[in-house]
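When the chains are written out, they are named A, B, C and D in that same order, and each has its own residue count from 1.
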Amino acid sequence: MTSSTIDKLTELFNRFPGIGQRQAKRFVYFLLSQNDSFVKELINLVIQVKQETKYCVVCFRLSTKITDNACEICSDHKRDKTKLMIVAKDIDLENVEKSGVYDGCYFILGSLLPILEKNPEEKIRLRELIERIENLSTGNLAEIIIALSANTEGDYTAEYLGNYIASMAKDKQIKVSLLGRGLSTGTELEYSDSDTIRNALKNRQ
Amino acid sequence: MTSSTIDKLTELFNRFPGIGQRQAKRFVYFLLSQNDSFVKELINLVIQVKQETKYCVVCFRLSTKITDNACEICSDHKRDKTKLMIVAKDIDLENVEKSGVYDGCYFILGSLLPILEKNPEEKIRLRELIERIENLSTGNLAEIIIALSANTEGDYTAEYLGNYIASMAKDKQIKVSLLGRGLSTGTELEYSDSDTIRNALKNRQ
Amino acid sequence: MTSSTIDKLTELFNRFPGIGQRQAKRFVYFLLSQNDSFVKELINLVIQVKQETKYCVVCFRLSTKITDNACEICSDHKRDKTKLMIVAKDIDLENVEKSGVYDGCYFILGSLLPILEKNPEEKIRLRELIERIENLSTGNLAEIIIALSANTEGDYTAEYLGNYIASMAKDKQIKVSLLGRGLSTGTELEYSDSDTIRNALKNRQ
Amino acid sequence: MTSSTIDKLTELFNRFPGIGQRQAKRFVYFLLSQNDSFVKELINLVIQVKQETKYCVVCFRLSTKITDNACEICSDHKRDKTKLMIVAKDIDLENVEKSGVYDGCYFILGSLLPILEKNPEEKIRLRELIERIENLSTGNLAEIIIALSANTEGDYTAEYLGNYIASMAKDKQIKVSLLGRGLSTGTELEYSDSDTIRNALKNRQ
């Protein structure tokens, strides 16, 4: 064995989101200080989660509860099939579900589209989105909600998607909407940027 | 002279918004390190701003440009008299003006209403607001926009105001609206609270 | 399988130092988004590091380079056996080694001693420390450097250790020293606390 | 009057240390919201502090308690005239005095010396320092303590001063010392930089 098993593991933890070199090394020493049963459980759960987790072929969500290739939301007959929400990532879907205010279907894009990306279809699931809309609209798909973050990439992706599905939506008489803009919880008027004020004013009610 | 002129001045700067003891003392030494002309200009401007600044009798804004008791916005014939925006503080008005998206009139409430305040009329300008609405509605006041911060006190104040002017607004057929809620600029879906998601979804368009 | 493999793994990551619920879940989705080879390497390294890492029976450091029960530092004949530095944790030793300014031996205490701890010997390696000093002093141990953090627990532990080894050190004519106190890199005089100024002045040179 | 008295005053507050455009404007509205007696007291104290504050001709400190051109510290017969501490700014002196651990004399340099400054004597009080040392050493000046911040400019200034006064100090047999380096209060060993560890180890005791 060479000298660097600790260094190699530090290097892997360093790739975890938001983890720097120093915290990565603390993770290694944390694991070393834990008893074997903790480490065994951790490893087993990582293996298990990778094995049990599959992409839902309908919404492309990663889920451990796939039945007949579909996740528990897509299999749920009580979900409203007339609404389709497009989100960028699994964790966005989780956050919307946690809010408990949406009962429609989802589609996971995979990520936001980098500005001026040359090959959009390699970065986000465009063909799959078209198929998804096709399948749903044989039912009664009435609305597609583009639910992306309110930042530059989110806006760029929303505009790209809007154009991409425009004629299809028009043909099938599907409404395409965007999440509302305005003051978010905690925003103080004094510190709001002009865009937020404009939106808050436009969307007043 | 006693020992404490520096301490006394530090104490006064300490009352400035957001300024602690240590920074207050740095202000004193900063002033001491400046030449006399800077200090003279500062004092003159403070005196001048206090003298020249008056409350506009129409919107209760503090302004240095009062003509016939009214500020430059209230005197401006091009401002839309059919819309009245109620804000808490002068600096909120400034921020809305900076955004350049509103061309109606204003009313400065004075502050937000503390939760469960026993004597609301001593904290915010309620009687003056009624008068303001009376005066404007002899014209064609069509809408009152309650434009307060999206926090607990802001929401409490908005609800209080809504109830307070409800029957008057109904009688005079004036619409009462609130600033739109939803994603504000920069908000990521992953980190949004449930309230913001609910509002963003409700106000989608 | 129940619904909670993702939740269970999130829960385990949540116990990692400095990791909250939300970041723990991001770790899970990060792992899910990685290909199998990354996950396999991670698991293998975790297993390997646990297997290969042993406590050095001399300094009680965790190391992957144990030969005849001793780590690479304790086995190194070029290290100065007349100096013993007591540190709280492995990562403190790593940081001292990184500085490259110390060529003596170490002893890992295990942690700092909580204030007013009833059973110190259950929290930190006290008996092992005595043994370590005994063994080294048959050689020419000349100095024990208590190298702990400059905070309340560090100072308490240092005082406790100082008393604990005082008579032994006196008998064997071993000097006991503490890390120097004063301005650390980047400290500005204006913002220094009184303790630091006192130490910086006392230790001026 | 033009439109900009508020803007002009905002601009002046903007020059205060650590104050941005937005907080500067809050200061203006804060003053406008205060009654006349507050503003009068503020102005009077600013005038008073400028009038009453003079440079001590001995240590070059700004003080409101100048008697015969010397500040209350320089006039105090109980202060130890064998020690002279050189600090960069008045506020450093204040912080040292607050710690209550020093009973010698001071000299205020004016600022730190920018790296590679071409005309040092225009930035810091070099000639005055020489005079100060001359005057004190006719008594029994035994030690000059260079007490500067532990950062790049502080170190550069300390080195410059050390060279500048070296031969004079040698002639007069005055010891020249620097503030001690090491762990400052609250420093954790795990997060210390190599320089601090080196100093803490070198200055152990």
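The working rule: contacts are C-beta pairs under 8 Å (C-beta built on N, C-alpha and C of every residue); 3 or more make two chains touch, one makes a residue touch a chain.
These figures come from a predicted structure and were not determined experimentally.
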Do the two copies subunit B and subunit D share over half of their interface residue numbers, or under half; same or different? same
Relative to subunit D, chain with the most remote C-alpha centre: A
Report, in whole Å, the distance between the mean C-alpha point of subunit B and the mean C-alpha point of subunit D. 40
Express in whole angstrom the distance between the two chain centres, defined as the mean CA positions of subunit A and subunit D. 54
Residues of subunit C whose C-beta touches two or more other chains: 89, 91
For subunit D, which residues are in contact with subunit C within the complex? 87-89, 91-92, 95-96, 98-102, 145, 147-151, 154, 177-205
What does subunit A use to touch subunit C in their complex? 1, 3, 5-6, 8-9, 12, 16-18, 23, 25-33, 36, 38-39, 41-43, 45-50, 52-53, 62, 64-65, 72, 89-91, 94
